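Should a chain be cited, it is by its letter among A, B, C, D, E and F, assigned in written order, with residues numbered from 1 in that chain.
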């Protein structure tokens, strides 16, 4: 236990987590501190490219091994399945309607790249490595959850009233081409997968060329980005009062359930300690960039103040501050090495 | 003397100072060169975070020592006192009114982070270190001057006419909550102090994680930022004609007086050669980011073309090009080691 | 031949070229991936400053030697002469009018900094160096071509109709002050030449201060920038249908002719293998930033969909993907060492 | 100089909905439109826009100059397209120089 | 489609003054406002805005659709709030679709 | 509060042409102008603006409040300056508070 505390403390007293806290505190105190939007977006692209590249290069260095295909399938399944659990819990334990529940469920099946990135720096900080293809798993986990969430919301809508209630409800329009493009070609998927493929293709030689950029300054850039995330999360706080207590609770226990599912999957896949921790982090994390964009297109009736706030203000800080060391400790206790 | 010349030359022929000159020359020649605003702001945040972090980490490494509290108090006093000197000189030797004089005085009591950063690179370039807590002194010096400047301007206004002349003049409104927040929570204070605390809390371990970002590329980023400052300063040149000769002269001798006060304080505090140089730089420098923003809120009658131009176009280049090596030479001549 | 293929492959499988491909593919697939404009501009300024600085520092390190003046003259001549060749070919083999032909010709006499930068990373990747003053040659090659292109277009216009047809056609207005400033003081010339001079003046000492910024992370930043260029080029694809087949062909053979002229000039100047390759790259490349801006001012009748598309969508990718290794192989085959 | 009366339609709408509206503007045959890419504001939905890294609350402003008939059709159609979305639309008078441009 | 007459109030003002004006707009009960975050321009005070790293000359544009009464009150109040500050305010006519939104 | 009738001239134009137009606005004696620095759009020339690294397609919007006479002169002159360039110009009515400011 004191070991767990120490881990948590070590995680807390890292420049990255403290930068998030700084941003959060600044926004709560209503400072005018502001990372320009264009720069925030560019930092996000950098982080996604760099984490993708490093994953691809690691894969090229260590070889794929037999388990890769299984891991990819597991990632797809995990992302597609978690929304069903989330939806059931939301409908049973909170009072939000089926549309909002479907939207929220999609967020929790999907993943948060920044949480993963923070987790990967924690794992590296423990002197551990992780399977390079975890980055590919992350990319694959972004989207199946969207399909599941939409399915759940629309099935409920179709049951509720026989008549159509929105343009997206017409027969065959379940996944419009517009939506499919949004889902499969959104910026984060493209940069992540692209960086991964480039890292894989160019391997060690490529890494040698770009290491100072994608690896050496990575932690520092992450600090600035988390500073921005802290600001953004705190400014979204005003919407928390729109959330009921059971909903807020969901934002805290759902990551734990997700992490458990992630650890189980990691066990089936035979991942390393670092890899298992990160798969738990992925399953525990909730999207707040890619999925909200898809939801505005596909489920405009759902309220963004609910799903963005829950994943950004409750679950994201929880994972970054408490979750990551906790999942790591759990993985270690479960015998992952 | 030839030694002083050589120091000045060494300072001049640094990529940082030459980048400032490049930007200045480009804008004077009316080139369309332009650093996008969003990027300029982000560079400023980076510089403040990095200098804060390095100061905090240095403090953690070398220990605080007994003098720290005294140094903090001295910083507050210096910043609060300099505006009285500036105000008296302005009223005696130039023809600007009390409101403008109060506003200008506030700028010269406060500090310019970029000047400090340039000075710290100069000091490091001399193979010297400086006390980590100088960064904390800098943060503390940003704001007392604002209060002093406002006090001076408003006392004069109150004397001039018994009746109220402006919304801020109502009883008890001397420091509105809005203004207090602007003063204490403006972006530069928050990032500087925040970076400092993070560097302090995470110490050597934190520095190890982010050194390539906050230390290695620092000089280069500073070049780009000074390029931008050169452009901005030269584009403000058009307002110089609004300034009288005595006012322009003030922009040159006031930094010298400030530096002298800074060196005196450094002597009382027993600072090192590097630390004394930087305290002189701080006292000599004039704000052109935080204080103007506060003045637009608190003294809207004061003319920004006067105070921004004086501190940005006259004093800032003077300090960067001539002042820094001069204050260093003076500190050395005075026996600081 | 298999050697050439291998070179091409090595060039292709670099993070830089693959990043360009990634951006191109993303935009073709209509992903919403987007590098914010402000950041794209800042990356361009960084690249120009860094390449300038490195060239200047290299010149300071290796000395200028006797050939520098000759090289500068050759650069001016090459840039001024190539548009005459381009114009003749365009008028003979395509159906575009004299105004569009003049505008296009100006682009091909001028240079593309990003192509040069990509080429210089290729050369360095081969373990070769190049003459530092090539950066100065690049800067000099930006503008003479504009004058030649305008001369050609306006001579044709003047022949066509005796009367004036546009504000710029008045006597003596051939190069208005406004246009001259645009040509000689555009951002890329200023940053490139400025960086070069700073690198030259501060030499090894300066390089020591900023190496992590201008050298170490350079390749990585170039990846992000080429990702952006890929996006921009592909989004300009829609205008390709406005171009006839002979015009598209021009975009492919003109770089070859330019490269040949560049290699010939390199032979006269006695350049190294790296230098000859890069001079070929310069001559082969076509501007898509500085020259279009000048053309909108000086030849507004010319159609930007023609000249931007040709240089950006046809010639730029051709040079980056195929041209660079080809010119290198040709230089080596011609006996450059 | 002789001028012609036209209408100006302005739309403030969340970015997710902009493509659909711009598509409709093109289909209805407007001669063009202008887009101000990043605005912020407050309405029934609360605060929108304002520099977040993510797009959920991004808002744009669209401006179309058109003949009265087209403008009124646009007003009605855009209003319909705003259901479930954050946005407003309104109309005003302008004078233009060239009748054939709008 | 039936429409209703409303007024459009536009304000160009230095950023330092914007919070006070937006506060007043909310207090007076406008149903919303739209803000264009970075404009530049020239007026009695000279050049404003234009991409500096510091905020002193930053300028924003604010747009409010409101009923005539409210719009005229706003015009007067904003005009008073502009004393000592850089800024202009003016009014024009618009037509809206839903009377209850504005 | 008493108000005065003025005209509002709006110009959407490619950036390369903006300096010439702003120069003319100053020469004609307008009391000021406001510039929205980055808009995008579509017209006869096709898509303009939209975040490229290069300036060729950049577009700005200019807004001038002026007395009717000046506004109409401006309309005509700007229209002439738009030849060979991408851009539109149009006019509308506004009310202002201070007659001497515009």
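Following the convention adopted for this analysis, a contact is a pair of C-beta atoms (placed from the backbone, for glycine too) under 8 Å apart; a residue touches a chain by one contact, two chains touch by 3 or more.
To keep track of the chains, here are their UniProt names: A, B, C = Sodium-dependent bicarbonate transport family permease; D, E, F = Nitrogen regulatory protein P-II.
All values derive from a computational prediction rather than experimental measurement.
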Problem set entry | Third chains touching both chain F and chain E | D
Exercise. Which is the least count of steps on a path of touching chains running from chain A to chain D?
Worked result: 1
Exercise. Once you count every C-beta pair in contact for both, which comes out on top, B-C or C-F?
Worked result: B-C
Exercise. Which is it for copies chain D and chain E: same residues on both faces, with over half shared, or different residues?
Worked result: different
Problem set entry | Of all other chains, the one whose Cα centre sits farthest from chain A | F
Problem set entry | Identity of the chain that, by mean CA position, is farthest from chain E | C
For this session: Express in whole angstrom the distance between the two chain centres, defined as the mean CA positions of chain C and chain D.
Result: 40
Seminar exercise, completed: Per the C-alpha means, the centres of chain B and chain E lie apart by a whole-Å value of 35
Exercise. Going by the touch rule set out above, which residues of chain B reach two or more other chains?
Worked result: 34, 36-39, 41, 212, 216-217
Exercise. Chain D: which residues touch two or more other chains?
Worked result: 36, 38, 51, 92-93
Seminar exercise, completed: Checked against the stated definition, the touching pairs are A-B, A-C, A-D, B-C, B-E, C-F, D-E, D-F, E-F
Seminar exercise, completed: Residue set of chain F touching chain E in the complex reads 1, 3, 6, 8, 26, 31-37, 65, 92-98, 101-102
Exercise. Which part of chain C faces chain A closely enough to touch in the complex?
Worked result: 13-16, 18-19, 22, 25-26, 29-39, 121, 125, 212, 216-217, 219-221, 223-224, 227
Seminar exercise, completed: Contacts from chain B onto chain A in the complex sit at residues 36-39, 41-42, 45-46, 49, 53, 181-182, 185-187, 190-191, 194-195, 197-199, 201-202, 206, 209-210, 212-214, 216-217
For this session: Name, in rising order, each residue of chain C that touches chain F in their complex.
Result: 34, 36-37, 40-41, 44, 166, 178, 228-229, 232, 239, 288-289, 292-293, 296-297, 300-301, 304-305, 308
Problem set entry | List of chain E residues in touch with chain F within their complex | 10, 12, 36, 38-44, 49, 51, 59, 61, 72, 75-76, 79, 88-93
